[in-house]
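Consider the two complexes below, in which chain A is the common component and chain B and chain C are the respective partners.
Presenting the complex of A and B:
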């Protein structure tokens, strides 16, 4: 078994109005990576390159040890893929789809697990896809994918458009699936709550560039929001770790990158009185990371 | 390397499963067109001109409708309905997908087409009022419709566009009338249409050979066009 489920080295793809630039990414086998980015960041393009559905201009793509796109058949045999824009055949029933996928994957299909998923997702096998709600269609797609026990799950915005109940059902099932430590998962979302809930590794992507890729705890530990009282209304002296300052008179809210307690000493040395020091949510960290990267790029600095 | 058969690059049985899927999902409308096609053949056996012309129009219409239905439903609608993403998530390359689509369409349409051709030949040779010489004209005409089907399939697969497929479909339907007019004005064909026996002369064979060559060329260009694509979704 390969050490990495996914390895991307220097992957680029140029479009007339968008470019994916020099993406380097590694998902260890058994890892769960959340790919976060705003709409149009390049998440879907990157995922499609991994699936062999879009060709890269440059770089190496290895999935489950197989080179993509040449060995995509071998790789996709062990990949379960679901995306927000994926649909099933509307005039066929879920049972027909289950029967068909079971024929395609006779050795991998687990009929008993499929029945269990039918119940936990509250789906009716005899129902035609066109009669299903969006949530039921998404759950049907996940059932077809999960019931063949793929080694790698690649999920592109799997919970987009789901109501809170369906989203919880999907996330609960995902949690159970993720209990299998040999299974690797990459999933993209702009819902940072889902990503924070499921992932152990997080990658931020923006405007076709990889902003950062670290384990979840590193992100949560390295960012802080600090409220301070300043001795005067003058602007605080710039510091490379202070990425955002919102100042109203003597009060200021600071966003601090690569936080360490000695950072507070730097602030007090300027006469500031430290108020609250709070951890940031993944969504706040994502926005801060992206803004920091954009500012650095605009200033011509390589962050 | 033959990507359609190499076990290292092909999941056994997947292409067959994809072909079976398309045939299963389109079995009901194809059966309906077949029933209407058989009714049109029955109308051709009537002595009076009215039912004969009605049967001819109905027969040609069913061949056109079956051809359009298959290409639109199995190729362009699959993309528009986003079921292509589901299929391409399976262990398959785009060329194998193309191969499965061509096999499913040819199998589905050729079955219908062969039944209609055999039926037309049966009517021509069994009905005393219909000259057997018409068999050559009917065969060339039906082959033209088969060639148009292969062209539409290629356009659908390569353009991935319902709009372009419908544009080409409309043009080829206009072309069918022109083809019928042209064919019936070719002296070597026209002069034998009322003959007691079919005359398979050099002109007839040349046109048939050109039609078959067109079919092969269209298939070859479809595979070539698909093999040059880098993005499939």
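Presenting the complex of A and C:
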């Protein structure tokens, strides 16, 4: 078993109006990685590259130890992929699809687990796909994939458009996969709360570039919101780690990245009195990270 | 040992702190006994639907505080310390009292006045034992 379920090194891909640039990330086996970024950041392109559906112009892609796209057939035996645009046959029933996947993957298909998933996902095997709601289709796609116990799950927006109950059912099954430490999950999501809860690793991309890819605890730990009282109404001196300043008279609200306690010394040295120092949620960090980067780009600074 | 903790999504505190607090609670009330084996990090992560790395962090902090012990390759255990439950309970209450003291100080209320308030509160609460 390889140490990493997914490894990308220097992966790039050019499109006429978009480029994915120099993406490096590694998902350790047994871990779960959340992929986040604004719309159009390149999340789906990156996932398609991992699946061998899109070729990279440069860089190395290793999935379950197999080089993609050359060895993608080998890798795909052990990958379960689900995306929003996954096509099921509209006129066929879920049962028909289950037979079909069981035939393609006879050694992997777990009929008992499939029955259990039917129950926990509240699906009816005899129902035709065309009569299903969006949520039922998403869950059907996941059932077909999960019931063959793939070693790696790659899920593009698995919970988008699901109601809270369906979302919980899906997240629950995702976490069950991780009970086996040889299995790994990569999922993209706009729901930062899901990513914050479930992920061991967080990979953040924006406009085709990697903003950060590290373990969740250090990522959350590296940002702070700090309230300070300033000695005068003059604007606080700029500092590369202070990404946002909202100042009203003598009081200011700061957002600090790459936080370490010595940042507070830097502020007190300027005569500031430190008020509360609080951690930020992934949602707040997401917004701060994107706004900071856009402001820098607008100001012509090379981040 | 039931590895089920109840974690709140609306609680603003970091998830690892919530996990630490709930484990301490389980030990304080005697559900997790000194020396008992506790769920593995992965078991607890799957049961509570929180990432492995977060549970790992909670366990590491609890080890640092002397609440849990981990033996490589064997697993994690509640520290072999009969007084642990009482210690946890006392330090939890101290935390709240320290916060009350700090608030009182901010309002200019003396410690004597605060003690009196506490006694009055105790009397009003002893009537109705609903909580």
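Keep in mind that, in the parts below, the second predicted complex is superposed on the first by the 289 of 303 C-alpha atoms of A that agree within 3 Å, B and C clash if a C-alpha of one lies under 4 Å from a C-alpha of the other, contacts with A are read in each partner's own complex, and residues count from 1 in each chain.
Simple rule for what comes next: contacts are C-beta pairs under 8 Å (C-beta built on N, C-alpha and C of every residue); 3 or more make two chains touch, one makes a residue touch a chain.
Everything numeric in this text was worked out from a predicted model, so none of it was measured.
**Student:** Taking the superposition as given, does A:53 touch the first partner, chain B, the second, chain C, both, or neither?
**Tutor:** A:53 contacts chain B only, not chain C.
**Student:** So, A:29: does it touch chain B (first), chain C (second), both, or neither?
**Tutor:** neither
**Student:** Of the partners chain B and chain C, which touch A:222 in the superposed model: first, second, both, neither?
**Tutor:** neither
**Student:** I want to verify the contact counts: of chain B and chain C, which reaches more residues of chain A?
**Tutor:** B
**Student:** Just checking: does A:209 make contact with chain B only, chain C only, both, or neither of them? Give me first, second, both or neither.
**Tutor:** A:209 sits against neither chain B nor chain C.
**Student:** With both complexes overlaid on chain A, does A:93 touch chain B (first), chain C (second), both or neither?
**Tutor:** In the superposed model, A:93 contacts neither chain B nor chain C.
**Student:** Is A:181 touching anything from chain B or chain C once the two structures are fitted on A? First, second, both or neither.
**Tutor:** second
**Student:** Just checking: does A:198 make contact with chain B only, chain C only, both, or neither of them? Give me first, second, both or neither.
**Tutor:** Second partner only.
**Student:** State the interface residues of chain C toward chain A in the complex, per the touch definition above.
**Tutor:** 9, 14-16, 42-43, 45-46, 49-54, 57
**Student:** Touching chain C in the complex: which residues of chain A?
**Tutor:** 30-32, 171-172, 175-176, 178-179, 181, 193, 196-201, 215-217, 220, 279
**Student:** Going by the contact rule at the top, pick out the chain A residues touching chain B in the complex.
**Tutor:** The contact residues of chain A facing chain B are 48, 51-55, 69, 71-77, 79, 81-83, 85-92, 100, 103-104, 141, 145.
**Student:** Would you pull the chain B residues touching chain A in the complex into a rising list?
**Tutor:** Residue list for chain B touching chain A: 8-11, 13-14, 17, 21, 25, 81-83, 85-86, 88-93, 96, 230-233.
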